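Down below is the structure, laid out as structure tokens.
The letters A, B and C name the chains in turn, as written, and every chain counts its residues from 1.
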Amino acid sequence: MHLHEELVDSVSLPPEDESIGVLKESISPKRMALKRYLNHHAAVASAIGLIIIILFVVLAPITARYGVNESIFKAEAGLRNQNLPPRAAAWFGTDSNGRDLYSRIIYGAQVSLLIGLFTAVASVAIGSLVGAIAGYKGGWLDDVLMRVTDVYLALPLLVILVVVRGMLKNVDWVTAIMGPSTSVRFLVILLTLVGWMGVARLVRGQVKQLKEREFVEAAKALGASTPRIMFRHLLPNSIGQIMVALTFAVVGAITAEATLSFFGFGPDAGSGMTSLGLLIRDSKRAVPPGYWWLVVYPGVFFIILSICINFIGDGLRDAVDPKMQQEVK
Amino acid sequence: MAAALSVTDLHVTFKTLLGRVQAVRGVSFDVEPGEVLGVVGESGSGKSVSFLGVMGLLGRSAIVEGSALVGDTELIHSSPKTLRRVRGAEMAMIFQDPLSALNPVQRVGHQVAEMILSHQQVSKSAANQRAVELLDIVGIPQPEQRAKQYAHEFSGGMRQRVMIAMAIANDPKVLIADEPTTALDVTVQAQILEVIDRIRKEMGTAVVLITHDLGVVARMADRVQVMYAGRVVERSDVSSIFHSSDHPYTRGLLMSQPGLGRERLTPIPGAPPNMLQPPSGCAFRARCPHAQPVCAGEIPELVKVRLTETACVRAVELEEVAV
Amino acid sequence: MLRFILRRLLWAIPTLFLVTFVVYCALRLATNPLASYARTNPNIARNPKKMEAYINDNGLWSGFGGYIRGYFNWLGGFLTGNWQRSIKGSRPVWPNLKNALVNSMRLGLIASVFGITIGLSLGIFAALRPGRLRDTAVNTGALIGFSVQPFISAVLLQLFFAVQWAKWFGQPLFPTSGMYPPGHEGFDLLLMLKYMVLPIIVVSIQTIAAYSRYMRASLLDVLNSDYLRTARAKGISERRVLVKHALRNAMVPIVTLAALDVGAIVGGLIITENIFEYPGMGKYFLTAEANGDFPELMPWMVIITTSVILFNLLADLAYAWLDPRIRLD
């Protein structure tokens, strides 16, 4: 309700002098955003959860109990090390090669988070730039961007990823740059090639709105150059939205990696590395014999990781865009 | 004569993220049948909120206390059923922006007929017939055809006429017009005010005219009450407000408005107080040129000073200043 | 209105030509049909003459000009019903594709109706008490639902309802693969539904999460609108306010979104169908992709792009029909 918003606006500033009640100082928008974020309990809990996960992953030499390809003990006659249920020597059990699942989840999360982070940063950088130019300049560039991304949004993501991947891996000069189709580099570039489009649309919309605002008009009237307006005014003022996009891009990239790996389009496990996607792919084979730990632990870990990042994104969105927070409690 | 609407000690508080906002803090007034009461104040002074609160239209975050009688029906803390019976039938409301206040996907005739059907035992076709008549009464040409159109097909003034037609459909005792002309062109404003005035004369409806435009008040109102920071600070008949106001805020308001024979406009310095923690004593004292330590004491009550009722402890002293 | 439809349909024709040309080039690159053919038919591959004939019959010329000629060659065949035979098994493509399409639409429609109905109900339930416990619960639940990716929920459900259930109760509760038991002939609704239960749950988690959020946002928007206040000021019953005014208006964007989503059903539920071995469009796509079977993939892509374009038009029409403010011209 307009009225309500007006009221909330008029009270968002605390009084300097209570007895007089005239406002002298205001809370900065950043502090207001932080306040709103902290008010989103799930987002706060998720941030703590993600920090713990990142600590585990960064401190892998300490937190992981075994190497990524190390079996928990040497198999001997009458003493097998494969597919063991959880026990003291392997908290989450062992896989079909006798390796410790707990340690492998840490190593897998390492690779997945790196893929997610690199992809997200690259996608957001490219997407913000293209989106800002398209939104600010309009014209044919804007049209092309919208039409291309229309197609991208309409088709199933996996189809696009699979087809684009197939194209890239068959072109020699592309693989020279991107590496073989089973490398992590190839995957990150592939995901970036597809992932920037969503960000571009979002930033475009934001910039299109900001462009009409007085301070941009004023900068234009004062003769500021286009790059200056973009980098000094439009992008900094969209930074909140870009942060939100970055967060969701991370979870998007991790999910895309897992989906591709699940169907065998991901990085190659042979190189002594693993990822969450590869672990979940292995879990498929563990279903029929009922090795539940191989299914439950990687799957649930992946879900928890996505939940944390999704809630952080949700909290950030509420924080930077108070309109989304419809009713104050 | 019994008042059409009688409000006593009305309080409205909003629960917000930062605390409780005391939007209305003890407001009492009566509106007589057939009179126009002008309610004036800055945005955030509680003028609209008072009436939305009385009508029970503020939503869950608002706490409304006090008493509001329409005829003998108490509205505050009454059952949803009672509220429903009064709303639209005894007491109807017109809002500021008629485009957003009309349902965009319903034909306007249907929206007017819905108002009739919800309070009168008539057939659908009779209600539709009556809706067309009402559109005619408020001066919409070709009402038959226009009834079948949607709000976006109307001009601003015509939309506001639709709102009025809807509001008077059940011949209400009280018509609350919340900034009815603010969103309209100046030429259209006059026409809308004329329609409201005609209805008041013909139907004897009590009209509450909420506005920040003193020109509208001067033209339409019989009595005026000025609100500041959730309280009534001055009340009188319309000519006394303009000619012998005793409250510094009302005077400031008059000085800051153009078009009333003034050559220079003098704005009131400062901004309205924060209603999360309303100031003690007189809420206006931080901006008042005549503020003294005494103003920080009790919250001043309305007292008849000369021709107006004024809520200012220094009103009698200030009288000399004014003369 | 009619003019709008005709114009949009006329526009769809060049769009389709352009899109199918891009898809043709992408798929030729990605699947490398010639190599796939040689791989499947090693005997023919050794015979340059027969290979030459295959290239000329199917328009698989190389180079930019070759792609253009090849596209028109393919287009002519496609439009006259002279479809290329599949590389694997050299079968006609249409019968398989048609079955896959029907199966996907069955699963997709049932799952959509189920998921959207529940999602909308939850969204309404939440929006009616914004900021309260139920709102937080639905919102939180939706974000968690987004994080439960189909490839995880599918594997977890298979483990629980089939493998573990069989361990505990002697037999699995639900079948985990296919549409009917092996060797089944004919149509059997109940049996089919039993096979659909797990796939529907997997798909619905995402659908419910998405639609509960859409509906909540849309309804909150309407509930905070001025015209809803007008409706309340009329003194009509709260029920009527909600149904005739709030829901009616809130459904406008939802119907549009649903139309787009139903259009995407034709593309199949790639992940779900593949995990549950459900013989739909998604399974068809990945199988054909694995075989590098260009003649099978190309019509698949044509069908889904056509469907996307058609349902886009349908969404626009639905929007205009529901909201008189939208004018189509």
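Everything that follows uses one rule, which is that a contact is a pair of C-beta atoms (placed from the backbone, for glycine too) under 8 Å apart; a residue touches a chain by one contact, two chains touch by 3 or more.
Small disclaimer: the values here were computed from a predicted structure and weren't measured.
Enquirer: Comparing B-C against A-C, which pair counts more contacting C-beta pairs?
Expert: By the number of C-beta pairs in contact, the winner is A-C.
Enquirer: Going by C-alpha centroids, which chain is farthest from subunit A? Tell me that one.
Expert: B
Enquirer: From the mean C-alpha coordinate of subunit B to that of subunit C, what's the distance rounded to whole Å?
Expert: Roughly 54 Å separates the two chain centres.
Enquirer: How many angstrom lie between the CA centroids of subunit A and subunit C, rounded to a whole number?
Expert: About 24 Å separates the centre of subunit A from that of subunit C.
Enquirer: What are the residue numbers in subunit B that touch two or more other chains?
Expert: Expected reply: 52.
Enquirer: Taking each residue of subunit C in turn, which ones touch at least two of the other chains?
Expert: Those would be 226, 229.
Enquirer: Can you tell me which residues of subunit A touch two or more of the remaining chains?
Expert: Touching at least two other chains: 1, 4, 327-329.
Enquirer: Flag every residue of subunit B that touches subunit C in the complex, lowest number first.
Expert: The contact residues of subunit B facing subunit C are 52, 55, 57, 80, 83-89, 92-93, 95, 97, 100-106, 114-115, 118-119, 150, 152, 163, 166.
Enquirer: Enumerate the contact residues on subunit A facing subunit C in the complex.
Expert: Against subunit C, subunit A makes touches at 1-2, 4, 42, 151, 154-156, 158-159, 162-167, 170-171, 251, 255, 258-259, 262-263, 280, 283-284, 287-290, 292, 295-296, 299, 302-303, 306-307, 310-311, 314, 326-329.
Enquirer: Which stretch or stretches of subunit C touch subunit A in the complex?
Expert: That would be residues 19, 26-27, 29-32, 130-131, 140, 143-144, 146-149, 151-152, 155-156, 158-159, 162-164, 167, 220, 224, 226, 229, 260, 263-264, 267-268, 270-271, 274-275, 285-286, 289, 304-305, 308, 312 of subunit C.
Enquirer: Given the complex with subunit B, which residues does subunit C contribute to the contact?
Expert: 225-227, 229-238, 240, 244-245, 248-249, 252, 322-325
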